[in-house]
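Should a chain be cited, it is by its letter among A, B, C, D, E and F, assigned in written order, with residues numbered from 1 in that chain.
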């Protein structure tokens, strides 16, 4: 066997070992982190109704004119559905 | 084992510097403000994320070849991104309320006092040890008082790129804080009776007036202040596309896909300027302090101007609407409406405040042009 | 006081005066311009129904596939109207 | 006082040159045509606006560092923008009518006579003092006769960039004027009976035919005219994305957001070539005159070819459809339909005219390729 | 007549001949090609229902969950736009 | 006659080389796979089309000044396009299933064995005459085993640009072939009873968990593997925009218009690397063979890991879900679901397979980072 290939094989083998170990260690730490996140979110649960009221209102330089409210969209969608079926 | 050493050397753990950790915390703080406090999330979320990315050791996001480097070079160094944002904002802006009551332009002018007074303040800060603001730096900082993100980023990229990160963060943060900063000033400068004043309903503005308006603004800017034409020109292009009614597909794209794409990139590029060596300086504290001063002075100047106009006007003018002259569209107008409703539950000032609000956008673009012409 | 700061203060003061004057002059001219536009548009009002007919038809290289048919739009508009009124 | 002098020097008033004022008037005229007369507003509005911006003294929109400079460099100098527009147009084009009646391709060929005859005319114009068109200039001008915006811009950017502004303006203006230019020519070359001819209904074309068609067009172009493959290739890519049915999200984006974004930039970049020194020349008048000639000759050639074909064809061919061979999609086809209805209220020629209409797009892309190969 | 113009005219004339010939030859070959395509598609017709089922399912990295059809969205947007403007 | 000679010389017929014809056939094959066989059409259609364009003689699509040249330079050479795609994919990815059952991350880790084992195989191939893969080449090839298009293109553009075309084609082709490659391996490594195992329903994950998750992933990547932060960072940015709920317009754009535009360009640019001299080499055959090996080993490693975990876990784990660890989102998860249903018609594994499926995306981004850090 070519000696340079032999050397490359050794390097590839090392990469295989180091790489797989690292991937496993990394994702195992991530498992722990997810458990941590879950615990944190259980201990400090979200307020029951976070959306409607907050001290600082939703702010945006870009106005949102033309964006219909979800209720309106729902109503329209229903209306279209009805229209399509009765067509 | 050799590979393990290389791998250890290629973790960040071996290379973190204190400043980078602090800047990542700043990035996380911006994400917190954006997501939880809903401070201008469209900009502060990508800015915060960009701040984290740019401070990762070894990753080289903002070095030649890194993605943030390319985005900054292509979009901010050239000035193209803030101008495209401004085109999109123009395509979202309705000047109807201003055309119906053009006197409101004076409120948009008065509120620019926040910019020029801050210029003074920035220079005075040089008396404090540790500050060394040139007139150019001071101009870039003062524009925070314009309460207009793209204008601030554009001017800072021309005059003081190394302060861009702090200036953009200050501008967007204070724009988000308008509901907290403005009401006390508005209430201190007005009495209950003034706040109760109801204003006459605005007339309907014809489509043709709305089409000619941006062209007239552009024409005046060309004649008197060419240095402001990049900002004002792109803004008027957007507004003309919106109002003319014959290029709706272009107007829609400018207001949506194009501005969204550019916003993501602009935010990341601004974030890339939040590096430890540029941001962790006493200058940043100065910029943050001056920004708050600028907003406050601008608000006060607007309200005082409105009080003066109220005295000379036949039609009633509620002095609260002056506060909307700082721009921060549409938040400042909403704040005016809210404070007005507190004094008089039948007093809907929103439309009346939209006039000075959009006038403020023009006013700060003009102010930016003056600073570019005289200082740049 | 540092002489260079003093000089900068003078410059800033000049900028303040010149800048605010310019802003006021500029926007005051714009007020006049808006009054002019309004007068112009009153004197030469838009034709009552500019949309339906014109000598040169609306032209576009880009076709408008994907635009909903007018009937669908009409149906939806009616539906929304109804929805709003019954709300 | 010093600042005031600087400020005065930085107004445009102190620096306007006559040519710039005239070019701004030209820009306003283009805006008027776009908005009020609805002449190809998607292109002429940004072109007109770009023309105004590029002629502002001191603003430097089209000098190194200006936004129009960057847009031109990135999009037109490279040829990328017209090619992307062409991809989007391909994704909007339905070749069904042409596949159902492929003879119509001959009408798309005949109408290209307008291009090549104008080439002759442009050279002849050199006999008039003041004109000095090279063969390259003449080729770039002649392509106006193709009645196809992106093709004209692409070819002009390759062959005669300094004439690009005038060529693009002429191309889009005459495309908008098709309803005025074509009917007299069509009526002069046909009699009432010919205009009354009704054509057989077109068969339904299968999805598979529509998928193979753009590939066949590309293959032929590769074999016989590689110089045309940038234009034809991008066009066929768009059409294939539309017809294949498996990449609808890409096809939708190519037809909407992407083409809209590029259209805004392309228009501004073309407008940036409307500078006084390049546009205010007797050459521009020549280009406008030659463009009108090109459209007229193309229309006539198409109608005459249709008359010849009508004589040899078993199925009836209304000679009016030949006029649609100049492209100007879909306007020329609508004009054919209108003139046909005037002669015979039951004669709906729209679908029959769509065949030569889209054939004309291919025809002028081929003609552009020939000019690139032989003159470029 | 200027000799250079004369020469250019000869060149333009050649271009006219060569160019128009090429365009006609090219598009005539394309006519033949279209006839070929049509014949091919008649001989090997598409399966009757190509859409619903196929051996390999439609695959895409990008999901398309929750996307209403573009036409419906367009219709709703237009309707809302109209509604907002007439409000 | 002279013009005719020039015209003949400018047809491709006089200049075709054999390799170019073969590569055009390859391009047509890719179009066939995309359109008729529906193999990852969003990428393979533009790749196939780009392959045809780049091999046209005389057209110069990929030479300086050609449109594919510019697209490649701007988007792939800089690494920007795959990163933007990855941001969009992040904005489309729901980590709910993974957060509910984080153990599944181990399956995403195990499946990366396909990458590292292939590295070994690529080096071994050097023993066959004609192959000369360096360790850098081998790494770029091995990443095909990650079953993730943008990751493969990004890594190949950094490590072995001349192999990019073959690597991208192999990656997308095998991703499309997942329903054919995986089931036999899955069935060979499991018995009927194992395949019948039903898994416990997943709990509902709160919005806040989903917001913190991408930040945690980014934080860990920053600490331990900065080389992976370009990929992981952009992915997490997209995911954060999706989950945070305050920048819906940016998230929508990242998932739609932006990713669509970039996909068209990315595909064309990849196709431009399918030139005869780079693709028609025995290396390409090696890459295709190694890609199939990589997918198979990855699938097997995932299933075996799932079997091991099943033994130690209190809750039942169906070993089939391990196959989804290779990513190929969402196809591999659908294949798992299908094979599971064959064994037990009440066994819906789709949601359970989504966990390892998205874990596989993270796993291969991490693996790419390791290869960049140690080999790049």
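Throughout what follows, a residue touches a chain if its C-beta (ideal position, glycine included) is under 8 Å from a C-beta of that chain, and two chains touch if they have at least 3 such contacts.
Just so it is clear, the model here is predicted, and its values are computed rather than measured.
Comparing the contact residues of subunit B and subunit F by number shows a mostly separate set, under half of all numbers used being common to the two copies. For the pairs D-F and C-D, the larger set of C-beta contacts lies at D-F. Measuring from the averaged C-alpha position of subunit C to that of subunit F gives a distance of 47 Å. In whole angstrom, the spacing between the mean C-alpha positions of subunit B and subunit C is 19.
Separating the centre of subunit D from that of subunit E, both taken as means of CA atoms, is a distance of 16 Å.
Annotation for subunit C: residues touching 2 or more other chains are 15, 18, 22, 58, 62, 66, 72, 76, 80.
Along subunit D, residues 3, 7, 38, 41-42, 224-225, 246, 249, 252, 256-257, 370, 374 each make contact with two or more other chains. Every residue of subunit F that touches subunit A in the complex is listed here, in rising order: 98-99, 102-103, 105-106, 108-109, 112-113, 115-117, 119-120, 122-124, 126-127, 134-135, 138-139, 206-209, 212-213, 216-217, 220, 224-225, 246, 249, 359, 362-363, 366-367, 370-371, 374-375. Those residues of subunit C that touch subunit D in the shared complex are 14-15, 18, 22, 54, 56-63, 65-66.
Per the touch definition, subunit E reaches subunit D in the complex via residues 1-2, 5, 8-9, 11-13, 15-16, 18-20, 22-24, 26-31, 33-38, 40-41, 45-46, 58, 62, 64, 70. Taken together, the subunit D residues at the contact with subunit F in this complex read 78-80, 83, 211, 215, 218, 222-227, 229-230, 233-234, 237, 240-241, 244-247, 249-250, 252-254, 257-258, 370, 373-374. Partner subunit E is touched in their complex by these residues of subunit F: 2-4, 7, 37-43, 88-89, 92, 149, 175-176, 178-180, 255, 259, 329-331, 334.
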